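Both of the next two complexes hold subunit A, though its partner changes from subunit B to subunit C.
Presenting the complex of A and B:
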């Protein structure tokens, strides 16, 4: 593309979403750390009256990190990767610029309203779909705005072929649109209140019982797929080759992993409902497809590792590469662990225990968190036109957070398997060996270790926020954009 | 084919959407009608119970308690008969939960009583030393939202055909009738409680959240 030299990418929206990523990251992770300490020290539940209990805070944490932190990161990188791989600039179109600004504004307001309404106790109870109906409608508006921006940008592209990273962002947009709409089918009760002065915020689900559960976990599992997996793979497909100066190892492997992931992932929701009252064939299907899911997941991860072929010394010189490679490795760990838990006999022990949050967190802390922060680190010198403020702070952050993650998942593995085994233990007379409270008290040391691990990760995130802030305000000014490895002051 | 698709974003998006949507359609649609048939004897919640269920949801009890007994001996010994699909026919939303920081509550009404819940919700460690459950004193002072519970029930009756006001099923009637009935039901619960401010509130025609919640928990059988 010869005309690139004049193309000036517009980073105003990217910067806004970067700010949101950091802000919501701090809120979401801080609440997470509070929750983990509450399980170890329950007196911490009643420091803020009804507003500080575990139940009220939990949706705030899960939504805060999934739809605050991660989604902001996805939008920030979309407006960066989108412009650059499509070879167009947002400032070429007044319309798209307005759409993108509205997208940010409405999104930001929604997340702030989410914080307020969750604290007040407005929730539908469905995991990762807790927002009540007025906020659901807001989400639909900015989701559509994102789609308009996305397809508008694609329509204006100068690069004929759409790069792999873009496929993943597109899949995220399409799949979440479908999942969100169907799972949030609900009727505001004030419409059929029959003269009773009903709350305006309350709604009732259009599905009942087992059907509601089927739809919810079809959504719940795949919200994970299309927030925590697909767009993050999109990020690594762009940022790893860019930062390392290496070509993606294999186009065919990219194809296999992408279409494989798209086809297989949606079947796997049934593994959340093993031994429940949904149809048995659906459970078996969910279990089987979860195991098949190893193939496309590892396909992407191996493609990334092989991209570094012959260039592994970069791991020593660049903490940024280290973040991305470790992210990819945690993705492999998490995507082998998930299928293991989805095998019915393993699930019989693992389900309802702390092994499940353990699994979630090696994925989100190691894979999603690391990859999102690495992407922001890569974008910072390009959008602020300054050198990254401190390499040694990056190193400190890396090790602090890595140790935090290891504390987290090891303690939760032990806790989960211990609890699962105790629930099913019988004595020689055929009576249950432990009362439920025995299986709670035994977890105290593991809950404490997990909370400390979470705290390490949070401190690392503060270091990250400080480093980005200093990069934006005090980093050495660059005279031209770096081609590959991001420049950083020691 | 793939290379062609990668240059045609519209068709790419269409193929992508069909690939993604396929599984949901195939797994969820076939048994949809069958699963929603109620078991014989399953009844919709009364207005007071629904108000309690809303409190349960408001304080996200489902974050730590499941309502799903799996068909294992260790679970049926601990919690009672395993769950049947039809027992959930009137559960909107379902409240199976995904994590047991505390025990399952599917049939808690069979083995816990009003006064047990009263003591437990006020200060769980008085009843179960070593527990990690929060205290819920605010449920003794906040009032339950009967009006929304009635609207909830009425929506289910009119829109989803839930059989209120039919033979052998709970009576819903008009809002005025339902409110009066819920307050009568609340008096029965309060007569087993010892907290004086709750008793006074119920005597004055108010319904604290704890009363509705206990009515709901007692209904889980």
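Presenting the complex of A and C:
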């Protein structure tokens, strides 16, 4: 026993980020559903003047779910998993506690400002990097604060060995720091505009043409790698063994897939630029590395599934295990689908079609969303010292969202391949058979199914939010912390 | 330097980089499996970092006095 028996883990920051995860999840997903209905029924673009148009709302959706919902979930779980596996408490350091509070405060303000500025139409027009330069500077400040908190906590740890989940969080911090800085090198135009009118909020990229595209997709794809993949793997390496009471199937495999992922992912971004003006070798490299990426991805996913070896009955009894196992299954699905799409000949059909958002969403809804919500469900009884409010609500949410995801990706598979085939179809004289509007008309039913699928997922998210809220306020009080399976009232 | 030479250098550079990383990666894999097999280091015990993660429980390996010789 340590002399610090009276010390406890501090969950105040975890709670704050949990709140942010739910808030930004609601905003980001609600906007996503509105967008999907706009695609099916374009007249919905006109409901709120300029503020309701697809162009204004789209970056709000992508940034809201990636940097609002997902990042909050990553930060919440970091401050939880970090303290617990390093065996240190934030209570032990006033400095780190202050840094963590500042991290949350500045982060929260930035995301709120992002909502406002996107609605006002300020954007750099670089996908997933739309924030304008003043907000980019803010991002850098709280990212550095996260790093200080992270490495400060690691420095204070009692455990000598840093658990593999922490490696993934560290990789996320380091990689995003590098990617974000390089991709957001931008010049505020007012500095050089002379007498010409220029908004204080406007900037241009420091790179031009193909160079800009290369840097953009090096960043863009690795935003997927180090926001939607690495830290989520970190989450599952902690929460699945903990919730199930099982050891990781192979700790060694977790280390190998970590290094495999780290090396391969950074080279795969070129697959976003197949058949474009970037050098051919870069396209081939992007394509090849994407296929190689199956190995470390499936290494992690199989490791997760085999962790349940001999304990599969938990899948029937615990909705929390169900969320996590389906998350790793969706991870397997999207990490086989992505490499297939990156093969040049497949990409010739898939590129620019709805198969791409279909692919993205079976990853984010199935893998990222499920794993983030499962982590929050696991942490809730420990943070609030209360039983999860309702198991049946969890079951309802699980099935509603699963059906929603299936609606989403199946409709987008069909829509995407239909689109790709119609764009390429030509007659015996070499003339194209269809105009663009022909494809739009054919796709309408699939867009509607997708929107309904998204709506299911959103309703499920509201159920989740309600369940967490009721857990925090009205769940049965626990007299001691549960060791493994989270207690839940039926 | 002309364009063709540049592309050739890029090609060889990429090949040898991959070869280098390949060798390092598989050496690492071989090394951890060998260390596990010979009993030099038990990697699988680190799963316990999750199960026994209470602030008042003993660390699996303390930082100060247990730097194992196998490192």
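Note that the second predicted complex is superposed on the first by the 482 of 490 C-alpha atoms of A that agree within 3 Å, B and C clash if a C-alpha of one lies under 4 Å from a C-alpha of the other, contacts with A are read in each partner's own complex, and residues count from 1 in each chain.
One rule holds in what follows: a residue touches a chain if its C-beta (ideal position, glycine included) is under 8 Å from a C-beta of that chain, and two chains touch if they have at least 3 such contacts.
If you're wondering where the values come from, they're calculated on a predicted model, not measured in any experiment.
Asker: Check subunit A with both subunit B and subunit C modelled on it and let me know: fit or clash.
Answerer: By the criteria stated at the top, subunit C and subunit B fit after superposition, with no clash.
Asker: A:316 in the overlay: touching subunit B, subunit C, both, or neither? Say first, second, both or neither.
Answerer: neither
Asker: Of the two partners subunit B and subunit C, which one touches more residues belonging to subunit A?
Answerer: Looking at subunit A, the partner in contact with more of its residues is B.
Asker: Once chain A of both complexes is superposed, is A:121 in touch with subunit B (first), subunit C (second), both, or neither?
Answerer: The first partner, subunit B, only.
Asker: Applying the document's definition of touch, where does A:345 land relative to subunit B and subunit C: first, second, both, or neither?
Answerer: After superposition on chain A, A:345 lies in contact with neither partner.
Asker: Just to be sure I read the superposition right, which of the two partners does A:171 touch: subunit B = first, subunit C = second, or both, or neither?
Answerer: In the superposed model, A:171 contacts subunit B only, not subunit C.
Asker: After the superposition on chain A, what angle is formed at the C-alpha centre of subunit A by the C-alpha centres of subunit B and subunit C, rounded to the nearest 10 degrees?
Answerer: 110
Asker: Touch test for A:9: subunit B only (first), subunit C only (second), both, or neither?
Answerer: Second partner only, subunit C.
Asker: May I ask you to decide whether A:89 touches subunit B, subunit C, both, or neither, giving the answer as first, second, both or neither?
Answerer: second
Asker: Who does A:259 touch here: subunit B (first), subunit C (second), both, or neither?
Answerer: It touches subunit B and subunit C both.
Asker: In the superposed arrangement, which partner chain does A:160 touch: subunit B (first), subunit C (second), both, or neither?
Answerer: A:160 sits against subunit B and subunit C alike.
Asker: Based on the superposed arrangement, let me know which partner A:490 touches: subunit B (first), subunit C (second), both, or neither?
Answerer: Neither subunit B nor subunit C is touched by A:490.
Asker: I want to verify one number: the closest Cα approach of subunit B to subunit C after the superposition, in Å.
Answerer: Distance of closest C-alpha approach: 5 Å.
Asker: Counting contacts the way the document defines them, which residues of subunit A are shared by the two interfaces, the one with subunit B and the one with subunit C?
Answerer: Of subunit A, residues 160-161, 255, 259, 263, 285 contact subunit B in one complex and subunit C in the other.
Asker: Can you tell me which positions in subunit B touch subunit A when the two form their complex?
Answerer: Touch residues, subunit B against subunit A: 2-3, 6-7, 9, 12-13, 16-17, 19-24, 27-28, 30-32, 35-36, 54, 57-64, 66, 68, 70-72, 74-75, 77-78, 83-103, 125, 128-136, 138, 142, 145-148, 150-152, 154-156, 158-160, 174-175, 178-179.
Asker: If you look only at subunit A, which of its residues touch subunit C in the complex?
Answerer: 1-2, 4-5, 7-9, 84-85, 87-89, 157-161, 163-164, 237-238, 241-242, 245, 247-248, 250-252, 255-256, 259-260, 263, 281, 285, 481, 483-484
Asker: Residues of subunit C touching subunit A in their complex?
Answerer: 7, 10-11, 14, 21, 25, 28-29, 32-33, 36, 43-44, 46-51, 53-63, 66-67
Asker: Provide the residue numbers of subunit A that touch subunit B in the complex, in ascending order.
Answerer: It is residues 38-39, 42, 45-46, 49-50, 53-56, 58-59, 121-127, 151, 154-155, 160-162, 167, 170-171, 174-175, 178, 182, 187, 189-199, 202, 204-216, 218, 255, 259, 262-267, 269-270, 272, 275-279, 282, 285-286, 289, 348, 351-354, 356-357, 423-426, 431-432, 436-437, 440-441, 447 of subunit A that touch subunit B.
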